[in-house]
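Below are structures written as structure tokens.
You will see subunit A twice below: alongside subunit B first, and alongside subunit C after that.
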Partner chain A sequence: MSSHQKITDSPIDFAVEIINDVKNSKEEGVLKCVQCGMCTSTCPAARHSDYNPREIIERVLDGDETILKDDNIWNCFYCYTCHSVCPVGNSVCEVNQILKQIAIENGIGYEKLYEYMGFADSYFTAAIGAIPEIFFTDIDRDVPGWWDFRQHLDEIRQELELDPPLMPSEEVIDEVSKILTITGFKAKIEKIRASQEAENEERS
Partner chain B sequence: MKNVPDKDILLFRSCLVSVEYPGVEASTKFVFDKLGIDYAISDKQTCCTGLGHYSDVFDQIDTSAIGARNFKIAREMGRPNLVMMCATCYAINKKSVKLLNKKDDLREHINKLFDENGLSHLKYEKDDLKPTENIFHVVDILYGKKDEIKYHIKYDLSDYTIATHHGCHYCKVHYEDTIGGVRDPNIMDEIIEECGCKTIGFYDHKRATCGTGFRQRYSNPDLSFTATADKMNAIADEDVDILVHLCPNCHIQFDRYQHLIGEREGRKFKAIHLNITQFIALAMGGDLDKVIGQKAHTVPINSIIKELKEVEK
Partner chain C sequence: MRDDLKVGVFLCECGGNIADIVDLDKVREELDVEFIGQFENLCSLNGRKIIRDAIFDHDLDRVVVAACSPISHEKTFQDYVKPLNPYLMDMANIREQCSWVHSDKEKATHKAITLINASIEKVKQSDAVDPIYCQTPDEVAVIGGGIAGMNAALSLAKQGTKVTLIEQSPSIGGHMAKIGKVFSPVKIAEECGMCLLNPILNELVWNENIEVLTNTKVIEAERRAGTYNLILEKSPRYVDTEKCIACGKCAEACEVEVPNDWNDNLSMRKAIYRPFGQSYPESYVIDMDNCTKCSNCVKVCTMRAIKLRGKPERIPLQVGSIVVATGHKLFDMEKRPEYGYTRYDDVITQSELGRITGVNGPTKGKLLKSNGEVPKRVVMIQCVGSRDEKPDGHKYCSKICCTVALKNANIIKHKYPDTDVLICYTDIRTPGMFEKYYKHTQENEVRFLRGRPGEVVKKGDNFIVRTEDTLKGEFVEIEADMVVLSTAMEPSDGTREIADILNVGVTEDGFIKESHPKIKPIATDVQGIFVCGTAHDPKDITDSIMQATAAAAKVNEYNYGGVEIEPFIAEIDTEKCIVCGECIERCKYKSMSVQNDQIYIDPMSCTGCGKCLNGCKQRAITVNGNIDEKIMSTINGVLSKKQEGERMILVFLDNIGYTAADNIGVNRLSYPESIHIIKVISVNRVRPRHIRYALENGADGVFIGEFPGDLMYDEVERKIQRAKDRIAEMGHNPERIAFSKVYIPYFSGLARKFNDFDEKIAELDSSK
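Entry: the complex of A and B
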């Protein structure tokens, strides 16, 4: 079917949605794709999984919105290798990020974000992007001495005479929290959390 | 080469540097002081949102609104040159400046939100900052001053086998602004040469990612560590003693997980991992505890560097 597609056909709507996304910095780059596969041949996720950046653009240009539910899109490393080698100035890495944001807007992929809610929480409590505590057990298992190091972080920072301290003032935290409330970020996080917790409860 | 400033700099604090390798911040200050670079740090500046952004939790509007606030802080200090210690902060901030300048609807949307919520003092006007003229990584600043590095070198590190790992978010995201090559990145190799050392230059997978992949390390560790192993094996094949980094996220992936990846690969990896500023600070005589911050490292620095020999004058 796609072999009969003309540029004026409706499947291009999906590509246009990506082009119009606020995150897109490549103008009409996605329409310039020549399917050369340079992206896939240099991609670390393609090397080690079923992720295929060339195919992502093919499906976008075919108007295939099922890609939003394809688990493979979550394998991108965001290394921008595809972006840096593309001969026509497209960026699959950016398209991938936009696809995920469209998915999230449509209620898809909440389970993928749930573990990362800590990145949001640390912003409201400390205005920093701390590694979510949910991962500390894994890190402690995988990295010898890491937990002990973290317990002594303040002393190490003191020895290095680092100033200002890690924790920003209340005023700064309040201002940042306010920004992330008015952009709609806080409501989005609450929605994702509530939806996942309801699902978890159903399962148990 | 693009114009690189040595003054009016806001040294942008990084979350990962602050809590994982604070010695990178101490070493950056040590080296900047030696080279006479005019910089300051602000207690008002906050995280760029990078880790959350690349875990898909923060969208562009959230990130650029936080960016606008940090850009205002820099301008109010009279320090419009933002200099990042972390490659991701560099990529994130440069992209926000580009988008805020170019996309009127994004800028107007964020400014309207600020206006309506008592935050008018944070508004960003078009071209308040310029992506190429104002947004830098620490390596850019070091490169701009590289001819002066040799006058401050105390120790000779040339007997070690040295390789570089150029972070993707420095080299590949805004490739039009990258100094020293994108496909064959060499900015750090050139800086290291000014310390009287020669790196091994190009090696297999030199331009490849560290394998962190943001969510991949935590949600998809097999994929992440397999990608890292490509590079770690290539580095071991070259018998590298010191791998030099420019990004704290890559630094974590190699230093923290080297032992685990060694077990997975059935191979003993020996390289120590230093940020470029730690490498230069060490060569300039910085103390291992008070400047380099060796206690934060998982692969002990003294497993490779057992003694330091002074350069022959």
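Entry: the complex of A and C
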């Protein structure tokens, strides 16, 4: 593959945009990357998929904005291992979150988000983030005994002489719902849901 | 009366550097002095004759040279005014601080007149004083008996200088004695380190100018006029080095076994031991922390050399200069548990690999794992603790680890061609001739993988090294049965301790700091103390030897030339002094002490800051040179030239700030004509009454700059704050006083601060 860099191109602009994002806490870390690959060597997503944190920074520094459409960016689950091992104090994890946000703003990745709508819903119904039911089968497959554990959580807690988990009260749930509605979170969720459901209908 | 003094002014055109901007004819008209002349290039050799003739013809008492910065040519003109005393001359800086920073001819000319007038007023306050010459004693202490310290000591001794070589461990030799083979910059070969070290060691031992003190540390240091009084502490060896013939019977008889630190704890030694075969002194030593005092050794010693009782001995040592060669240590692997060093025996460091492959090591040179087998695959991990901004890591590159890894990989390949060696690297740094060695290593079938491993885990009998092959963009898990970590070099504990004791500056990484990283790489920020080897920064044996011999040359330059000191330092009136010691407490530069029941001031370290003056209830201290009066007269000299509507800001800077200000001119940046820089010996000498006087007599603003590295910085900052408060109480606006940090390299920042302050003062003036 070859590419032509015109005299008027400014590949660094993309990296600068990301560095200046409010989510980035590492100042100049992105620019100091030497592509050593330590992030990738410890990344669980890299071990199980084609996600490569080193390559994320490489492409950001190249000004390669096609990365926003790359399915792989959705494989990072924010374990922050790359963030804690980086020898130059960079955080691919944060860069990834910024990239996803830019993607979403550009209408990219709705189908990825659709799978997580259950998370969003749980803020309205319980005022906390809860694992969506659609993942239960997968988790039980990956973590043997998990479903059984979850079913008997109350008894296990009792056995350990632990109080039942504290859950937000109705009042709190009301309040959180209001905040999420006023700040536009709800509208955003509905937009994503609507667009995906329309697409699903079209397909069927 | 000082007003009767005949002052001569010499104006230098400096080619066109000054005359093109400053109208010197106008300057001549405006100034009223006994003599004023204008010359094309005053610093040239005939300048001497011009100035001397004028001094004789006009019977001049004082001279002002209006030319470049005193930083460039003060010494020249101090010499040219002979037979006048050198301190009866003052320079007005109308180049760096006038013609090079201003472009408006009329304003620049007026500014030049003001600056010259200030010098005229100042020089009238000057008295004839003589510089102080200090001849330092020739004796030298070299601290640290590794390859750097040994070479520095040997070079000095061969040039006829008496040297005391101080080593805290029981033998000289340092790291070089234990690394086995060494790499060479030109030859594609690994050579025996001990074979190279031994001749140096022998030569040193036989040289009559060198006294070697092992088991010895510097615990105290005090400086007096170029002389260091060191207190050494020599720990007992419990074996008489004169009697011991190193037969080894004592160690055979000893029943206590402890890990052998010289072998990186890979083998055991007895509580009575000899560090290594060629150690010097050639004598055994008892490790008293582990000795049970069973006396077995005493019984078998036919030479009666062993005494189980002994106390540390304090030894005073007086020297004129010191070479610090206290070396490095290696990164502590407990800080990187992800590589499993503390959990697994076969995860080792390059240093340990050096011991294992060394013929005098724990396996007599055989590469064996802890189970006694030869490893099938050795994976080396580079940059462990180096180039690492994580907590406890080092930002710098340790410089030698790439070549060390290549060397050890080659040694393995020579002896065990079937063992696979893979080096995981981020960048291979083999500058200069070492690049050939890198190529040679590749030809030797050593493999390279570009990637920085994240962790080493145990899986069955083998390790798994997890890394990314960054050139392929592939996550890989490499099986290995031996992992070697290239650990960072960091300052040794001894280096940190001696920096404290000698009060020499260190870098942010804790290495001894050179006085200038480019052109003074051997001197430290303390006169008479020099640094070499890895106490200074990571380097290899060759570089350590080069710096060590350079340090020897620098010591001799210093011994030969002596030291000339400006006489503007504190002086004690012994009639008035009651030796209360208040000044000793106050002095930040540790210049004062009691000697023979009198206060003694070390002229080398006294800066003339005057802090001691405040504490002296007897008023027994004066600082030579009429500093107060000179500052006051300079202020008057500037302000008396103030014109209608002119804004005048006085800027007080010491040598560092003044140099930064000069750099603004040298780099042809600019600042407003209102800025008038006054050079002072110490910013602390600018007193509240000077500031108040200036503001009450026409100055629109006062700017004081201080280098944060100056020991008096905090003090001055507090003092200026108090002055501001007092000024406010008296109804003046404290905003007209500014205090700022100055650094020599950040001249552009200083120029910006001048501009900002001028704007601020302009606003205050317009709102008034």
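Rule of thumb we're sticking to: the second predicted complex is superposed on the first by the 158 of 204 C-alpha atoms of A that agree within 3 Å, B and C clash if a C-alpha of one lies under 4 Å from a C-alpha of the other, contacts with A are read in each partner's own complex, and residues count from 1 in each chain.
Note that in this section a contact is a pair of C-beta atoms (placed from the backbone, for glycine too) under 8 Å apart; a residue touches a chain by one contact, two chains touch by 3 or more.
Here the structure is a predicted model, which is why all the values come from computation and not from measurement.
Enquirer: Output check: A:38 vs subunit B and subunit C. Expected answer is one of first, second, both, neither. What do you get?
Expert: second
Enquirer: So, does A:166 touch the first partner subunit B, the second partner subunit C, both, or neither?
Expert: first
Enquirer: Per the contact definition in the header, classify A:55: touching subunit B only (first), subunit C only (second), both, or neither.
Expert: A:55 sits against subunit C, while subunit B stays out of touch.
Enquirer: So, A:88: does it touch subunit B (first), subunit C (second), both, or neither?
Expert: A:88 sits against subunit C, while subunit B stays out of touch.
Enquirer: If we overlay the two complexes on their shared chain A, which of subunit B and subunit C does A:147 touch? Say first, second, both or neither.
Expert: Once the two structures are laid over each other on A, A:147 reaches no partner at all.
Enquirer: More subunit A residues touched by subunit B or by subunit C?
Expert: B
Enquirer: Figure out whether A:46 sits in contact with subunit B (first) or subunit C (second), or with both, or with neither.
Expert: Only subunit C is touched by A:46; subunit B is not.
Enquirer: Considering only the contact definition stated at the top, list the common interface residues of subunit A for subunit B and subunit C.
Expert: 47, 84-85
Enquirer: Using the touch rule from the top, collect the residues of subunit B that touch subunit A in their complex.
Expert: Touch list, subunit B to subunit A: 15, 18-19, 22-23, 25-26, 41, 43-44, 46-52, 54-62, 65-66, 69, 91, 95, 98-99, 103, 105-106, 110, 113, 116-117, 119, 122, 168-169, 171-173, 175, 182-183, 207-209, 211-216, 218-221, 223, 226-227, 230, 256-257, 259-260, 289-291, 293, 295-296, 298.
Enquirer: Enumerate the contact residues on subunit C facing subunit A in the complex.
Expert: Residues of subunit C touching subunit A: 338, 383, 387-390, 393, 426-427, 450-455, 466-470, 473, 475.
Enquirer: Touching subunit C in the complex: which residues of subunit A?
Expert: It comes out as residues 34-43, 46-47, 52, 54-55, 84-89.
Enquirer: Hey, which residues of subunit A end up touching subunit B in the complex?
Expert: On the subunit A side, the touching residues are 22-23, 25, 44-45, 47-49, 74-81, 83-85, 97, 100-101, 104, 109, 112-113, 115-117, 119-120, 123, 127-131, 135, 138-139, 142-146, 149-150, 152-153, 156-157, 159-164, 166, 168-169, 172, 175-176, 178-180, 182-185, 188-189.
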